[in-house]
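Letters A, B and C name the chains as they come in the text, with residue numbers starting at 1 for each one.
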Amino acid sequence: MTTMNNSLDKPVAAPVLAAKPAGAPMLAKILLAALLLLLLAMPGFLSTSLVNAAIQMLIMALFASAFNVLAGQGGMLSFGHAAYFGIGAFATLHAMNAVSGQGLLPTPLLPVFGAIGGAITGLVAGWFSSKRSGVYFSMITLALAELLHALAPHLKSVFGGESGVPSMRMPAWGFTFGTPVEVYYLTLAWVVASLALLFFFTRTPLGRLTLGLRENAHRLKFLGYNVHMARVMVFVISATFTGIAGGLLAMSNEAANYSVFEVRLSSEVVLNSYIGGVGVFFGPALGAAVMTFFGYAVSDLTRSWLLYQGIIFVAVMMFMPNGLSGIVAWWRASKFTGATKLGYVLAWSVGTLLCAAGVVFIVELLQRMLSDDYQFQLVQGQPWPALNLFGQAWLPGAVVTWLLPVALLAIGGVVLKLTSARWQALNDGEAQ
Amino acid sequence: MHKSTQLKFAIAPTLALVAGIVTAAPVKIAVLETLSGPQASTGLLYRTAVKYAIDQMNAAGGWNGEPVQLVDYDNQGGPSGASDKLKAAIADGVQIVVQGASSAVGGQITEDVRKHNLRNPSKEIVYINVGAEALELTGEKCNFHHFRFGGNAQVRTKALVDAMKQANVLGSKVYSINQNYSWGQDMEHAISDNAAAGGYKVVEKALHDVNKIQDFAPYVAKIKASNADTVLTGNWSNDLLLLMKATRAAGLKVRFGTVYLDQPGNVANAGEVAVGHYVVQSFNPEASGAEGERFVTDYKAKTGHMPAFIEPQTVFGMQMVADALKRTKPEAGALNVNAFAKALEAAKVKTSVGEMSMRAADHQALLPMIVSTVTKDAKYKVDATDMGFKPVKRFTAEEAATPVQSSCVMKRPA
Amino acid sequence: MVAMCGKGSSSRTFWNKLMEFFTVSLLNGTIYGLLLFMVSAGLTLIFGMMGVLNFAHTSFYMIGAYLAYSLQKVIGFWPAIIIAPIIVGFLGVIVERFFLRRVHKYGHAHELLVTFGLSFIIAELIKLFFGNYPVNYQVPSSLNFAAFQLFGTDYPFYRLMMGVISLLMFGLIFLLLSRTRVGIVVRSAIYRPKMAEALGHNVPLVFMGVFGVGAGLAGLAGAVAGAFYTTNPNMALELGVLVFVVVVIGGLGSLEGAMVSSILIGLISSFAVGIDLSAADVLGYVGAGEWAQQVGGLLTLKISSLAATIPFALMLLVLLVRPSGLMGEKE
């Protein structure tokens, strides 16, 4: 049997610590400042429902970044991170309810209890999990999370049964925290502060050591480091910030129940991180923001959004293994002119959009055709009635109805294949 | 008075009237359900029923001259998603939120609605609960802006036990098996509470994990060891189906008294196993007379299937909502939710199975119950099988009702 | 069961009941364990060979059930449960060739995540084509009878048949792996893939074959079990994590380990349901019962309520004490 030790550890690209190589710190700083300004100004021009969506996106972005400390930087893929998220949420809720509802600390400071809850759980869980590595590490984290998920419904005093632990934000420091905008700024403040701390962590000696844990733990042991303790410390840091994210969710929703420990949430953070790209610091945050927004926007538009989510995930894993942020690294690494690269990116985008349109068309057609309500309308021997799609009526019997999506797929596929072939030829030509 | 002043006095109210008509805000009703993912089957049924009722409302003229708008929100499977989508619904101007598929989600929504109303005193919203049957929603968590149109564990069990006793199938030893969460625990209490009235002894109580058990044979062994005559359970979906199949496979002759046997797919999947078992329903087409037949035919024509499971109670609940809306006058062209809620407290509707009304003390609707048994000579067959539900006993709303819970202390707006 | 102790029944009745409980739980647990083995056999082989933890494995189980359901309406029960696994095996080959092989070079994490995404896609496609509700896949009436009576309860023949099929499967694969040439090549590809390739064997073909066979086994389990249990779109999720528990406890890559741990888990689940003890009750025997009841929480939970939780605790224990599992190779 092949050795299992580091089989799950290596991400694909060479480790780019913060997507900012020594050559262009100015540009990166400007972009970052612009993003911050945008985030600060957003509530001014966004509708309330988008502000709510933004709060969720920020929380998931922090969750994914904290997860990445362990998975992308430390090379330890954890399948049970929802446990620390959930514990952080419940710790914050209990702190909010303490002192007959007044809260142990003023409202804006309460997520610190999420951090404490996450840290303690992370210490215990990390100590056990880090005794093993590779696949066994992942399985232990999964087992711990599942155990917690199975026990939580029985521990009513702590986790509150299935209606969970309710709470209410109390006014503090002159704000009522009753409107979404205030909650948004509170969340933004915590997320920015946490991300800054996480970034500075990567600059510390322990942060550098984390990369070593991923690359070659054996060698670290020979260099004299206590690998187990190092792993535990990284685990604790990851769990602490995950707990803060959980605490922020608790403050935003003012309640949590044991469904927060589900495998679904643990797997969501893994998905988000890899779609964003684990080799880059802001990759997971980007992936989380995009996928959360996708879920938010599309889940009300179509019943088949989970299918689309699965397809996007598999497609990204197969064709863009470095994730979305890998595009940045690819752009920088390639030596062609900006115009050339832009041309190829556009060509690939067009091809992808055409294929996506074809797939969506077929799936939505099938979904309407196979639904019970439609099937009931069918009468033997008579032609099938028209389906309502994108505001137009399509007849299932008509050739056009099926020809259109197939054509879209075919054209999209051809565009993609041609573009890739030309890119390949271009690169081979350069290499010669 | 000067003529010009008189004119001014006339213009102002006319303008206001015109403005009221011009700025009439149509009422938005949101369905906040699990519309995708593993639990979507029930959520989609709720949506179908609500849509049917709203189409009926609009065919009768809508509200304030405008059609009522139905907006869908997918809570993505859990209370946290429900909380997010509730905020989105509020931001979209929704004033009435309808939900029923999960007591956990219901608990989250009722609390969120309460907090929102507290923080936004003139922009209240109301939660129409058409199916979340956990007792606490009309108990500790009772709330002026929450109205429940489904049953609850106490109401259901009382009717089931009474009917089964009258039909002489209850026996003297009852086995109680339920899912280990609020609904299941409520059912366990209710089964014990009704022991005296039913003249039985609860020989054993079992609580098992929800939707995790594949092999119920060990539980069947326990049922056999206890020598029970009847098994009373609130189980739904797989938990009910697998339990019944395991009982049949072991050749154990026990009668089942259930709450959710009429969930679509159960009878088909259980096959012959289902015959002879009992279920307490909120509607049965065979017990609803000519009016019920019209309802069933109309529903089938508009949605493609007969109203089953939770659909009828949802339609009746929405009919009560329609009744209350009719009696609520618009204020400045928009709906005043508190006025609507007060009207809803007094709503009464004559459905095809009896009269349904709302109890103001805890906002639990008083609805008729029907206990039926699965037989081959039912008038309406289900699930494309040769079996159907034949009514055994009907209960009026008053007969089925159980007292207000002492834990409900409702704060009313001024 | 504990309640019976306190009923003051004669000791002979008590022993009768104990015997009944023991025998019935033993039989139930073993058969349930054999079913688990059918599903996890393929998973452990695939992991042992390719290092890929195939999250889509239980999806193959589900596809097998749905295919058998669709086919049996057309060609009858027995042909359906033979053809359905073959189709699922073929699907497994396609998945390996076109999806996994592409991401193989990016590392095990990526392969794992691709199978994860595939499990989503498969579940949603099944819902698209077959609807959200359970489908009416029943045991055919010719097989729906009692094999024998055990303490007055019928024991269904179909359950025994499932157990027999599972044992046959185990026997066949074991013989295949240990006695045939193909088996030797497969085992060497598991143990030392590069060396086997250097010796001229077509290792990618072996990988494809093993993946296909593994998927086919899961499909067979689904085809057979789907009739007895329910066939619904959440089948994969329901069985999902338990299968991983079985494989980890048994040892990743070990067929014998999977058999031992499946039966172990099956027995534990069956016996636990009948035990209405909690830690507080046990402490009550040493006089600390009242205190334990007051503390509440974990101490008052009955073992029967926790029946589905125990496998996870066991998995954790195994991972910490002996991570290679009961019969896996030492790390």
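Keep this in mind: a contact is a pair of C-beta atoms (placed from the backbone, for glycine too) under 8 Å apart; a residue touches a chain by one contact, two chains touch by 3 or more.
Here the structure is a predicted model, which is why all the values come from computation and not from measurement.
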| item | value |
| --- | --- |
| Contact-graph separation of subunit A and subunit C, given in steps at minimum | 1 |
| Identity of the chain that, by mean CA position, is farthest from subunit C | B |
| Distance between chain centroids, defined by C-alpha means - subunit A, subunit C (Å) | 31 |
| Mean-CA-position distance for subunit B and subunit A (Å) | 36 |
| Residues of subunit B touching at least two other chains | 40, 180, 209 |
| Set of subunit C residues in contact with two or more other chains | 305, 308-309 |
| Junction residues of subunit A, two or more chains touched | 150, 154, 304, 306, 372 |
| Residue ranges of subunit B in contact with subunit C within the complex | 38, 40-41, 44, 180, 204, 206-209, 211-215, 217-222, 224-225, 238, 241-242, 245, 249-252, 264-265, 268-269, 271, 383 |
| Residues on subunit A engaged by subunit B in the complex (per definition of touch) | 47-49, 52-53, 56, 150, 153-154, 161-164, 166, 168, 176, 178-180, 249, 253-257, 259-260, 262, 264, 295-296, 299-300, 303-306, 372-377 |
| Touch list for subunit C against partner subunit B, complex | 1, 3-4, 17, 20-21, 24-25, 28, 32, 127, 132-138, 146, 149, 152-156, 158-159, 228-230, 232-234, 237-239, 269-271, 273-274, 304-305, 307-309 |
| Subunit A partner contacts - residues on subunit B that touch it in the complex | 35-37, 40, 48, 72-74, 76-80, 83-85, 87-88, 90-92, 103-104, 107-108, 111-112, 115, 119-120, 134, 136, 141, 180-182, 209, 303-305 |
| Complex interface listing, subunit C residues touching subunit A | 48, 51, 53, 99, 102-103, 106-110, 112-114, 116-121, 123-125, 128-129, 131, 190-191, 193, 241, 244-245, 248, 252-253, 296-298, 301, 305-306, 308-309, 312-313, 315-316, 319-320, 323, 328-329, 331 |
